[in-house]
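Okay, handing you the structure first.
Going by the order they are written in, the chains are A, B, C and D; count residues from 1 in each one.
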Amino acid sequence: MAKRIESLNITENKRLNKDFFILELSGKSKIPDMKPGQFVQVKIEGSPGTFLRRPISVHDVNYGQNTLKLLIQIAGKGTETLSRLQPGDILNIIYPLGNSFSLPPEGQNVLLAGGGCGIAPLLFLGKYLRSNGFQPDILLGFRNTERIIEFNDYKEIGKVFLTTEDGSQGEKGFVTQHPVLATSKYDRIYCCGPDPMMKAVAEYSSKNNIFCEVSLENLMGCGIGACLCCAVDTVRGNLCTCVDGPVFNTKDLKW
Amino acid sequence: MAKRIESLNITENKRLNKDFFILELSGKSKIPDMKPGQFVQVKIEGSPGTFLRRPISVHDVNYGQNTLKLLIQIAGKGTETLSRLQPGDILNIIYPLGNSFSLPPEGQNVLLAGGGCGIAPLLFLGKYLRSNGFQPDILLGFRNTERIIEFNDYKEIGKVFLTTEDGSQGEKGFVTQHPVLATSKYDRIYCCGPDPMMKAVAEYSSKNNIFCEVSLENLMGCGIGACLCCAVDTVRGNLCTCVDGPVFNTKDLKW
Amino acid sequence: MVKLDFKIGDLHFKNPVLTASGTFGYGLEFDDFLDVSRLGGIVVKGITLEPREGNPSPRMAETPSGMLNAVGLQNKGIDYFEKNIYPDLALYKTNVIVNINGSYIDDYITLAGRIGKLKKISAIELNISCPNVRMGGMAFGTNEKSAREVTRAVRAVYQGKLIVKLSPNVTNIVDFARIAEEEGADSVSLINTLLGMSVDVKTMKPALSTITGGLSGPAIKPVALRMVWQVARALTIPVIGMGGIMNADDAIEFFLAGASAVQVGTASFIDPQASVKILEGIESYLVEKGFSDIRELIGLLNKVH
Amino acid sequence: MVKLDFKIGDLHFKNPVLTASGTFGYGLEFDDFLDVSRLGGIVVKGITLEPREGNPSPRMAETPSGMLNAVGLQNKGIDYFEKNIYPDLALYKTNVIVNINGSYIDDYITLAGRIGKLKKISAIELNISCPNVRMGGMAFGTNEKSAREVTRAVRAVYQGKLIVKLSPNVTNIVDFARIAEEEGADSVSLINTLLGMSVDVKTMKPALSTITGGLSGPAIKPVALRMVWQVARALTIPVIGMGGIMNADDAIEFFLAGASAVQVGTASFIDPQASVKILEGIESYLVEKGFSDIRELIGLLNKVH
């Protein structure tokens, strides 16, 4: 799908909690086909400290309504500025960017594992898997109750399992400590979250010989493969997070 | 009066026409005494291109209601950003800055001449003169009807005379061409407007031996006499527009 | 219609808007966003003889109105370039310029020789900001002797147009520009990035894996413009200006200061269409100001002052 | 309570936040906004032997995240300073440092001698960015020979603490820092402004009356930080860092890179209380990170790398 640069309208800005919000965007022209794992490069207006665009995963797409959702965590000045956008405001984005999660072979047992703002691409991925006949389980990890992001939408995709580090909800500990990993046998794990979580999941997968894809974060200059600022060290040498990724098979990564 | 730095609340943003608007500000603590001709240094938030503060004259003060008004022309990025402020927003200013127009000796016949955004300090000056027993005439010049700024408030101060360059309202031509200058005899002229207007008025005053004060514009780094960026060439050497001015007697200026 | 073309020697450019090396990939990355052939030319990313992996992550940091990069010339080397990239580049209907880099003078000589055989490559941009390994790691471009040597060596083996790209990290850039001219360069381009640094106060570590890196973007525009102005007054060969050009007004500042052409760098990251928008903006400006040829604008500041 | 003090030789500073010359007037301009005596010190605006009118208007231009100035050392000369300003300065309960400037070495010598007689002045900041008239207008600070001469000459006549302020417009600032140290400077401060330029495309004229001017503000921070890091690794005398410090985090970057103290410049224009806010922010940072003495922070980056 050809990349494009476009100004979309904000149709909704829904605050989930202190740190998270969802922007719904709608375009005048038909939005392009997107694949789960792809991202958009967002231009931030009116934020003096924010010079470059910011990469944000596609959280959800509704082709019928011609809308697109981004789930964003306030991490600094740029995302803070985005959190103040109002319906009617305009957001300039470059999209769709990056590769995508691969479709599993028929009949495979799939787990989606995510934490923090890393759950963003998993909704779109889950819906995509469902529409292709899979019934993924979903395992979400959060620091504590306060940090939990509403996950009702995920329940429509499959069974949702929860961990919190302090045990205030769900199982106590990290996602890799959740008992479901012992009781269920997964053929594939798709993971997105903080680096330590992805590394733990990658290690678990490797030990148990499970196919595992992660969506990496990295600082980005351009998002389109032009600047080579987003290098990630792989068995095939330095690759670009933005065009060769953000989704990588963990066996390719030199972690 | 001690200078201070303070965040005031916007209580009103009134759009006058395509280019002009009036901001009304109100503080939690009592606003300081200000004198006509003084200005404030405004901090502009959320405007990436605007690094330094912007100097804006005090347009009007209401000590009873603890409010202060700024009349602003959209000249570039900074003022454009200010034009989008809403009631409830906050504006950080440093004030009161600069010297002020001098009070005339009793019984003098006074003219206030202004054009464009230069009319801003004249309302406050006019009210001040009125409260000190003077009955100034007011001569306002604009490019054309479209550019005229509402001047009802000025009518309460004294007789208002109008010129437009295209003659679409009032007398045709520049302020110095208005017949009132021939029919009335003024002892003093206070002028603020575009450079060419102030120069013309200064020349007229000098020829007719009239005391004349102008309020100069200049680029400012600090507004408090610290950077020496706002030099103006005078018979006493380079002076600072921000602390030695903005009001200067035209006979001191090396124009 | 305003005339926008310019020449380096007998090499014709249909307009003076080029893209800067390392910021426009091989052009191909931008095909979705604009018709690359509309530009006056593109300078492709820095190439070396052997493949280079570049520096470890993190390779970039954002700074006030700018960015630091420490890419470290990651590229697949000249062999790969000839075989896999050149054929695509040859289809563009505009000048394609190759930015060459090396640690030894011999690297530059070999590279220039190989590029000289590629018909479609209009010119070489000789990047002398690389550390000169034989001279103890000081960049070729910050030492007069090695700047002269490398320019002379490349000039001797390369018949095409030679553009020397100057480093701004020097006391007097005019000295280096003069050396380039004396040694037969057809043009100079400037500025490359300013050497800068950034620290992450949360982690108390340098923001870049290499600690220092190259500063680009609007932050450096005043420095770039000053250097272009100084160099344009001192040389007779055309000067290509760059450094923080984000829009047409920025580009026009460079023309007024004496640049015959400009390169758009970091701007393409924020808006991949920046280069063509700048081209269109320059055209409108000329029309508005009543110029019929961009040559009337070039160095106007020098004429007045 | 965290320890914030630092020393240049035996000169004690209660904390490492100073204000930069030319950006804080004589301190007095800021009395309405803050208690100047809370600062570690103030460096007053550049002084010359004779009164100077400075440059014509326009003297400043805004640039992306920065500003250009061409004040041209406007000041009323040493006589006026001694008589009219010094008595007020003497009341501050903090270190007052005088920034001295000249076109000839003799100017510097005379000035340093006169300042040496003023008890309350803790130190001289030797600004070598002025054009050296005898050396053909090249700034003292961009020529190794004249930098050495002027430092040596001032050192010979001045018994107080001598801080040499370095120009960033050089190929290798470490060379100049070493010269200062070799010639007996007690400290170096850096950076002065980068030479830059801006053009008004509406009028097609330079934005400054002098065409080029000094660039300051956040735009130059990455360059300043890189230079402070380089110099701090090379010298044993304390380094005072500045360039684009707007908040405590910026200042902390400089400490991590090896600065023993910082100067706040352009920031005071935007927020006259910036210097004390930065001081308070540094203190909070140290508490938060569990440091009890700012010395633990200084050069932490150099220790790790």
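Operating definition for what follows: contacts are C-beta pairs under 8 Å (C-beta built on N, C-alpha and C of every residue); 3 or more make two chains touch, one makes a residue touch a chain.
Predicted, not measured: the structure shown is a model, and the values here were computed from it.
Counting steps between touching chains, the shortest path from subunit A to subunit D takes 2. Set against the Cα centre of subunit D, the chain with the most distant centre is A. Centroids of subunit A and subunit B (each the mean of its C-alpha atoms) stand 54 Å apart. With centres defined as mean CA coordinates, subunit C is found 47 Å away from subunit B. Here the CA centre of subunit C is 34 Å from the CA centre of subunit D. In terms of their C-alpha centroids, the spacing between subunit A and subunit C amounts to 36 Å. Shown for subunit A are the residues that touch two or more other chains, namely 48. Shared contact sites, meaning residues of subunit C that touch two or more other chains, fall at 63-66, 217-218. Chain-to-chain contact here is organised cyclically: the chains close a single ring, every chain touching exactly two others.
Pairs of chains meeting the touch criterion are A-B, A-C, B-D, C-D. Chain contact summary for the complex, subunit B toward subunit A: residues 46-48, 81.
Chain contact summary for the complex, subunit D toward subunit C: residues 63-66, 68, 142, 169-172, 194-199, 201, 204-206, 211-212, 215, 217-223, 225-226, 229, 244, 249, 252-253, 256-257, 285, 289, 300-301, 304-305. Note for the complex: subunit D touches subunit B at residues 22-25, 29-30, 32-33, 45, 53-67, 69, 71, 74, 217-218, 266, 268-273. Across the complex, subunit A meets subunit C through its residues 2-5, 43, 48-53, 94, 218-233, 237-238.
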